[in-house]
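Please read through the structure below; I'll follow up with questions.
Lettered A, B and C in written order, each chain numbered from 1.
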Amino acid sequence: MNGTTGTFSRLRSAFASSPLAKTALVVLGGLYLAAVLAGWLAPYGMDDESRGHSWAPPSSWHWVDGRPSIHPVSYTFDENARRVYVEDSSRAVPVRLFVNGRLFGLDSLEAAATSEGGASARLYLLGADARGRDLLSRLLYGSRVSLSIGIVGVSISTLIALVVGGLAGFFGGWVDRLLMRLCEVFMLIPAFYLLMLLRATLPLDWDSRVVYLSIVLILSFIGWAGLARVIRGLVQSLRSADYIVAARALGVPPLVILRRHALPQTFGFLAIQATLSIPGYVVAESGLSLLGLGIQDPQTSWGNLLQEAMSIAEIRLHPWSLIPGLFLFAAVLSYNLAGDALRDALDPRSDR
Amino acid sequence: MSLLSVRGLSVSFPVRGGLWGRVRQRVHAVQDVSFDLQAGETLSLVGESGCGKSTTGRAILRLLEPDAGSILLDGAEVRTMEGEALRSFRRQVQIVFQDPSAALNPRRTAFQAVAEGLIVHGLVSRASVRDRVREIFDLVGLSDEHLDRFPHAFSGGQRQRIGIARALALEPRVLVLDEPVSALDVSVQAQVLNLLEDIQARTGMAYLFIAHDMGVVRHVAHRLAVMYLGRIVEEGPAEEVCASPRHPYTRMLVASVPSLGERSTAGTVVRGELPSPLTPPSGCAFHPRCPHAQDRCRRERPQGEVVSGRFQACWYL
Amino acid sequence: MTAPLLEVRDLSVSFGAVQVVDGLSYVIERGQSLGLVGESGCGKSVSSLALLGLLPPRGCRVEGSIRLEGRELVGLPAPQWMPIRGGRIAMVFQDPMTALNPLLTVERHLREVLAIHQGLEGELARKEATRWLDRVGIPDPAARLSTYPHELSGGMRQRVLIAMALAGKPDLLVADEPTTALDVTIQAQILDLLSDLRRELGMSMLFITHDLGVVERVADRVAVLYAGRKVEEGEVSEVLRAPLHPYTDGLVGSVPGFRPRSGRLRSIPGQVPSPAAWPGGCRFHPRCPHSQEDCTRIVPTESSGSRKVACHHALEAQR
């Protein structure tokens, strides 16, 4: 046995032994890859609208001349004055790979030609929204916000918690009492009202990137206190560990002891904690955007897209607007499964 | 002048409660402890759990803030040291812990553990740190192949050697050994005790050997101080104290030793339990367990006196 | 001739591919006390858990035979263990801090045992519980019945655990390092208590420890274990005075004992091997000062008679 076995091999064996955890990792990997490549994978731009295709259902595929094609659609109105889309089967527009600098889509020239009756062709794999924007494209662009917000948020709150909890636990005394009372004050603030309040005071015409950042900051601002208390507890129990006492007796400066000997012992716990709390951020962003407090149209996120699916009537008329919920569900579930596997691998108490 | 001289050392711990952690009560862990330690000598502090022996050791290392008393290293007051003086003190007094698996950071290699002190104190140039650590490893009976292993790859005895190496790296003059063998297997205990003996013979280091095992203590110590509930009740040359204990508590301690072969103090009744240090008995703290206790013992605490070279704190000897 | 109280034959215990006890045999007669001595990982605790069927059924294989008055215990189905555990064989564990349920009073602990093994209920059980507390030397037993474990010191808790073990009137008490977690003065009291109770009740005892001094105080016979195998067995006084096996000899030499300082301790070189890496042949050979070529190859067989040793070059021959 040499001394270098450890975290990495335990991680590998934990994930290898659980098919669920492996699947979760693959799903997460796929989602993040799709988010990164959104500009290439999505057949249309984020805000690429077509008023003539408001609430167009998912396009149906046809094989014409041996290649997948779609028919242009035009609409009429039913008795409730709602649009009903009709396919013009006389014309087929092939779906091509590597067009317009994207992975797949319709050739813009071929699609632009309108047939009589005003039917025009647009590719909607998952249907369209009220302004005729492709749901799949918006979903892919939206995943950039939804999937990164958790990681950025958790990083910020973990960093604050590490500093505050570390200092409080290590130095104790009045430092500890002051910081912990501060944590309690933060934990007492009703998070949801704070969010509403803060968002309400922020100007609505801010750039979406600023809004994004402010949401992340608000979320992590609320999230750090609980974590800081746990880290403080861990560090406090480590403070009396013999190897920390030994380092003090050696004359190692306190902050070096904290950084070198105390905080690294909390990393395993933090990794688990972070993985398990990312879904909270994803859901929180969705909730905020859903309520109109987060990402605003034309910017997109999963929560913002779900706004379209707020009423049963809407869902009945265009059920595809629920699809972002499936993605949210898959991401959150995968994070939880991965977090559990991580706990099994890193938490010494789960040994045997 | 003694190498290390402790006078009237008292340490207490606060018992806190309430929102702002106000101090509700103080537990007096060490009270009015005095002793001297000479170079090349082993002084053993013996007693049962909670008697304050470990606390005394930590206070000497300035890991705890004492309430009162003075700690003199070469006649210089340790309690008021700061800056360079404190750094130099840290070099001269080191500690080895009881539980070798808790004494090493599981995330750092044996080399890193031993090198840390060398680097902090700048004792050797960066380039020669590894060579120096190799030398120290050799001294404690570890080999080069052990350098880059993590603590979990070592057995208990080897870990204790790393702990000793870490302390020795600074070439201290006083080594506080806090139950250094009680967590080890019997066959390994002897190796470590022999190692410590060799190191002392070679370096002339002074040992403050904290232990509860009278057998081990009798083997290693030159002088012996028996502690009960924070105070020294008897002190003197180890062999004399073991062979003819005077204080009733020492006698009880000696009678408790499950010894091989002889049973020297047959007839001494071992009775009672350690009282809680939160509510210590009045007068002589040992009186509830003492077979000879009388009224005076309940009322007045014996101050202790030196009789024929041995300190004893008992009214009726 | 009637069967001995406990007869263990060729007991082997393995966890997966790792064998931790290898062909252990010993006999405990009625009223006798056997000390099982060894260092960490020698298999002494595991082999005693096997006596009570307390090893996990999954991942753990027990082979060989354990006979209680001739009745085979290995392979006994779980329901049949119930009257044996606590009723015929009782156990006292090392750590008195965790062996009691913090939410139950001392009385509830004792009454549980009395109800199961003696069928005692109500006022009768209360009286019996008080009697047992008194018997194990707990002052003011009637008042202590209503206390919770956290209100008791370590020594008192160990006394309660001993009372619980004895309340089922077992024939054999298995004590697994019952004094290791206690202070020396308390250890002495508990050892004396166990010896006294054993004599009074005519009970047999298996006493597991790493401390040779403790063995001398409580045991009639001693079996020394090294790396899962028994290396030596005999009367305590003989084994400790004149060990035949080099390991026992080294162990005796390693203990400072309570005697005047007499030079260096005779330590055993090397480390206690782990069960996953036991050496072949005689398992002690890498650390043995008398080891020869045959020791590395051939597993030594045990000599017969009441004084047993498993060594190719037993020390007696050299003296």
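Note that in this section a residue touches a chain if its C-beta (ideal position, glycine included) is under 8 Å from a C-beta of that chain, and two chains touch if they have at least 3 such contacts.
These figures come from a predicted structure and were not determined experimentally.
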Discussion item. Out of every possible chain pairing, which has the most C-beta contacts?
Written reply: B-C
Worksheet entry | Chain whose Cα centroid lies at the greatest distance from that of subunit C | A
Fill in: CA centroid of subunit B to CA centroid of subunit C, Å
32
Worksheet item: So how far apart, in whole Å, are subunit A and subunit C when each is placed at the average of its C-alpha atoms?
Response: 58
Practice prompt. Note the residues in subunit A that touch 2 or more other chains, in rising order.
Written response: none
Worksheet item: Mind pulling up the subunit B residues that touch subunit A in the complex?
Response: 20-21, 58, 61, 63, 86-87, 90-91, 93-95, 97-99, 102-109, 113, 116-117, 120-121, 148-153, 163, 166, 170
Worksheet item: Where on subunit B is subunit C touching in the complex?
Response: 48-49, 155-158, 185-191, 193-194, 197, 212-216, 218-220, 238-239, 242-243, 252-262, 264, 270-271, 273-274
Worksheet item: Considering the complex alone, what residue numbers of subunit A touch subunit B?
Response: 1-4, 6, 177, 241-243, 245-253, 260-261, 264-265
Discussion item. Per the contact definition, I'd like the list of subunit C residues that touch subunit B in the complex.
Written reply: 39-40, 153, 155-156, 183-189, 191-192, 210-214, 216-217, 240-241, 250-261, 264-269, 271-272, 287
